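Next come two complexes built around chain A: one with chain B, the other with chain C.
So, the complex of A and B:
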């Protein structure tokens, strides 16, 4: 993942063109942009919103200066589409757990997708899908990734701002615990024994879940150099069953490499 | 009442409920009271109105990676030790805006500096915490470059301290020489007995705040009870640490195998540094609006456990958890002395309790000393 090095230079006297595109996802990350409220007006002022189906009917053709891509690659036609989008985009940002880790739908990657198709659909023969749900970076070069389910609108605005004014975005890679402690939330794991992925998960959400008495479920994916083994072992020590530890890691960002390896290792322990 | 205000250094006795009069006097003098109060599952420091907000009748059971609130069998006001918060939350807030800058006619203009400091009265400062404040004073006020925001908040702060008569499971203040009784620097210091508080008057300001309170000189028997309680507390520390020649011990063992072992357990999550009352790592960020016309310079708590923190020109000087843990521990117990003339640990035990996997500094140092 590379940080933008210089200011995006649009064609002379035109605003940079922004596209927002989705693959397999719930649209929640795009809503984070719409949820930016007043700041959204500033965005609309600063860039040409060229393609954003969630927000407007008008669709301008590429190339685009900045493309935000939501969703995972899970259908055969996605592969060609994402390659086309990559060609049309100067700067491609994958947004959200689906686009950066395959999303909750990547749970299929541990099973045979045909079994699910048969179980779920009345006419499985109509369904044409890939065996796996994977992040955008599996198929094309991604210039920047914003994690989370959903992404945090402040982080999104910071990245857009950074591109516009030519500075480095601030997207911390340290743990959720840092944000949890800054906001003064007593640790749910230490004070209540609630299993929490905060100590191995990347910050950015402002530690929402622990602030409402829930353990972090790791939607921002692995932090820098996460020690999943030590945390998982500790969860077993305080009474979690191995299956719980597997399910905790195998969640919204469960297919991200460090979490994937951790859930596999603890699953093996169960066997 | 024998006189209007007690003298500095006097020990007086008040009925427990009279503590409210002291708090009222502080409020009337313009102080914002901050002190212990119950939050979800823990005793935290927050704004309080009076004695009714104190965690009366509650205690905390602390072990490595475990903190549990419990009902006490009595109605003690201060029958717990320290929680996840420390006073640095107020003296050195986790996030503050240092300045705002706007672009006006092509030039950048500073429009606003740090907000005026609140006048805090800290209620329930323990011995370890008093020392932690002294340590941060050295960090932020000790050299030629002082932190004006810290200075303003610190200079205006009123300290109502509390001597610890029941140390917790991860406490080792007796080893560090910071407790259980509070050292110098407070305005008033309480010792809680069954029916009364003994109040030691630490300053002129402290004496003034006793003016509306019904007090009497403490009796010899009461003073003896307080001394006995503190001696008992000293014997009942949950943890101990041999501090003999710590700097040399650590400097001579920089390649000890224990660092590898602790790195296997350490999550590098930063919790120990966030809860530590003396840790002061910080980051300064420039935040701008979309147009690049208004900027804020923001100061936030950072941690030497984040990889970015050790990133300098040309690379990272502490790329692995082993190096970061070693840096934190040797700084706290050794190079802190070279830097600030005082050891950086006060023995409050927070880093042990709030480490998600229960790493215990006293155990780590014992292991390096070869005593495990």
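So, the complex of A and C:
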């Protein structure tokens, strides 16, 4: 078989450089960019995709104008890597629950990680890992955060577009409830008695869960100044078991401070 | 002794982190090791103590490219424990959802990840910059989008859908909503047939090692959600016997887990294995498209997995259209399940191959233990064995080209985005 030569068309140097970086994650958030099928080639025309291992071999060195960082910091070498990426990035955006709250991996933060290693691996001695899974902001300054597990691709495109035209990106700080009202979804808690974190969760997903008849489980993380205590109490009042309330808060964005304090408080109540 | 060490800093278009270490002595491979450095993620550990209704949502986060597969395997396994019988309508909707995932995942792999290897581009982004190839990339993106649109309609969103769950769906789409997608699905079917013809024209290395192919097999249909585990070497067992035959092996000095067959060692799961073992179950147009390629199947040439993947896209579009035509909205959309203690396992066919889940629940419905074998973990040993056979063919090439060929070989398996590689270092040590 012939070994074909690589053809790389030189791109104009003037385009802003975009990098996409992964730490511990499922890749779902960076996949959102490839899932923006209608916009992908336009994005590739407008910016220089300088570093995106999931999509291309070619890798250009920094500095990068915009860096999207997916995943949590969970390995010893991640700490140095994120610091270097910070230095190479003018505008660093943490994308998704892993990068903004430690993600589902942060469930280890409540437990002894050595126990976890022993449960999963036959040879625990080969496994090197941090005791915690934490957000990017734990180690470096983050310029903007996109929430969700996964992020919403339209929000991602909006943010990138805002930056390209020199505007400060914005995302809502109100709750998922507002989105239910806007799309006319009847409240699942009121109409069906289903436990829902919508009242304390940041909007952005367009309230998808209630629209499919289920409660929000908080994947976008806490809204600004959420009243988790009164919501948790209300969930108990409508019949949720305390364990269920703990698990609901301790989820994909469970290590975000407001949710963490809430799950700890309700756990203490159980004891 | 001369020591030659070559580093290829990253392996792109495959995901996870990996390195390939080879020691060559007098032109002969003495040692070969494909290392995977996926950070340990402990899903089996932190699922303990979670409620069974959370399993589909949590396990979906193992892979952003094939979350549906995790939702399907976990839901089926838990339904077995709880004695839940889903209705024929729910069954059909699940198959439709799986078609959507096969379409988006396969189209992504064929056009964005694998085609650049065959055509000599570093990425689909560079392919799209070439006016001659831009239409092909656009066609691939549109095919993928149709899969994603169907997935989002049924699941609530494309990545980590919210509607599929134990017992069925939180919400089932209406017939009208599904019918609205038909024109695009029909376009996609045409495009997928062209895709098969196009993949057949690619240049395939002459490479056909001998190995075991394993997949599900169902008496009436091409396997997705149900069936027995069969192989070309005569294996034919129920899913419940999987762990007796297939062993988890934690590879020394890494966090990789290899799965191998007790009797035959490494084996292949995924599109090529499924196609080889289920040729008689192809849908009419998929069968015709395959025949028109002129390629002989069964085939064990791993490079032809791109053809198998394309044929499965035709099949998925055909099946999707058939299911939509016959669609009756499930009522109820979800069968309620009461907790009870027990043990259950299930396998479904993820885009990349068999995905095994096993759970043990307590009487409160909390998970006591679980085991998950992802397709990539099953294929890792096969990749390594393939490389043993393949590397001698490319060692004489300049290092860059040899690396590209090895990467292409690994990409045949479509190693899942978060269970394979971000740094493929090819280290050749010559003694």
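Here is the rule we use: the second predicted complex is superposed on the first by the 258 of 271 C-alpha atoms of A that agree within 3 Å, B and C clash if a C-alpha of one lies under 4 Å from a C-alpha of the other, contacts with A are read in each partner's own complex, and residues count from 1 in each chain.
Here, a contact is a pair of C-beta atoms (placed from the backbone, for glycine too) under 8 Å apart; a residue touches a chain by one contact, two chains touch by 3 or more.
Since the structure is predicted, the reported quantities are computational estimates derived from the model, not experimental observations.
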| item | value |
| --- | --- |
| Contacts of A:160 with chain B and chain C, given as first, second, both or neither | first |
| First (chain B), second (chain C), both or neither touched by A:271 | neither |
| Partner chain(s) touched by A:213 [first = chain B, second = chain C, both, neither] | both |
| Chain B versus chain C as contact partner of A:200, first or second or both or neither | first |
| Partner chain(s) touched by A:230 [first = chain B, second = chain C, both, neither] | first |
| Touching partner for A:127 - first (chain B), second (chain C), both, neither | second |
| More chain A residues in contact [chain B versus chain C] | C |
| First, second, both or neither for A:149, with chain B first and chain C second | second |
| Touching both chain C and chain B, counted on chain A across the two superposed complexes | 213 |
| List of chain C residues in touch with chain A within their complex | 9-10, 12-13, 15, 39-42, 44-46, 48, 50-51, 54, 57-58, 61-65, 67, 104, 108, 112, 116, 118-126, 128-130, 134, 137-138, 141-142, 144-145, 148, 156-160, 162-163, 165, 169-171, 203-206, 248-250, 252-255, 257, 397, 401, 404-405, 417-418, 422 |
| Complex interface listing, chain A residues touching chain B | 39, 42-43, 45-46, 157-158, 160-161, 164-165, 167, 170, 172-175, 177-178, 181-184, 186-193, 196, 198-200, 213, 223-227, 229-231, 234, 238 |
| Contacting residues of chain B [partner chain A, same complex] | 39-42, 44, 65-69, 83-85, 89, 94-95, 264-271, 274-275, 285-292, 300-303, 305-308, 320-321, 353-354, 356-358 |
| Partner chain C, residues of chain A touching it in the complex | 1-9, 11, 22-29, 31-32, 34-35, 37-38, 40-41, 44, 49, 53-59, 74-75, 103-105, 107-108, 111, 113, 115-117, 119-123, 126-127, 129, 149-150, 205, 208-209, 211-214, 217, 244, 247, 252 |
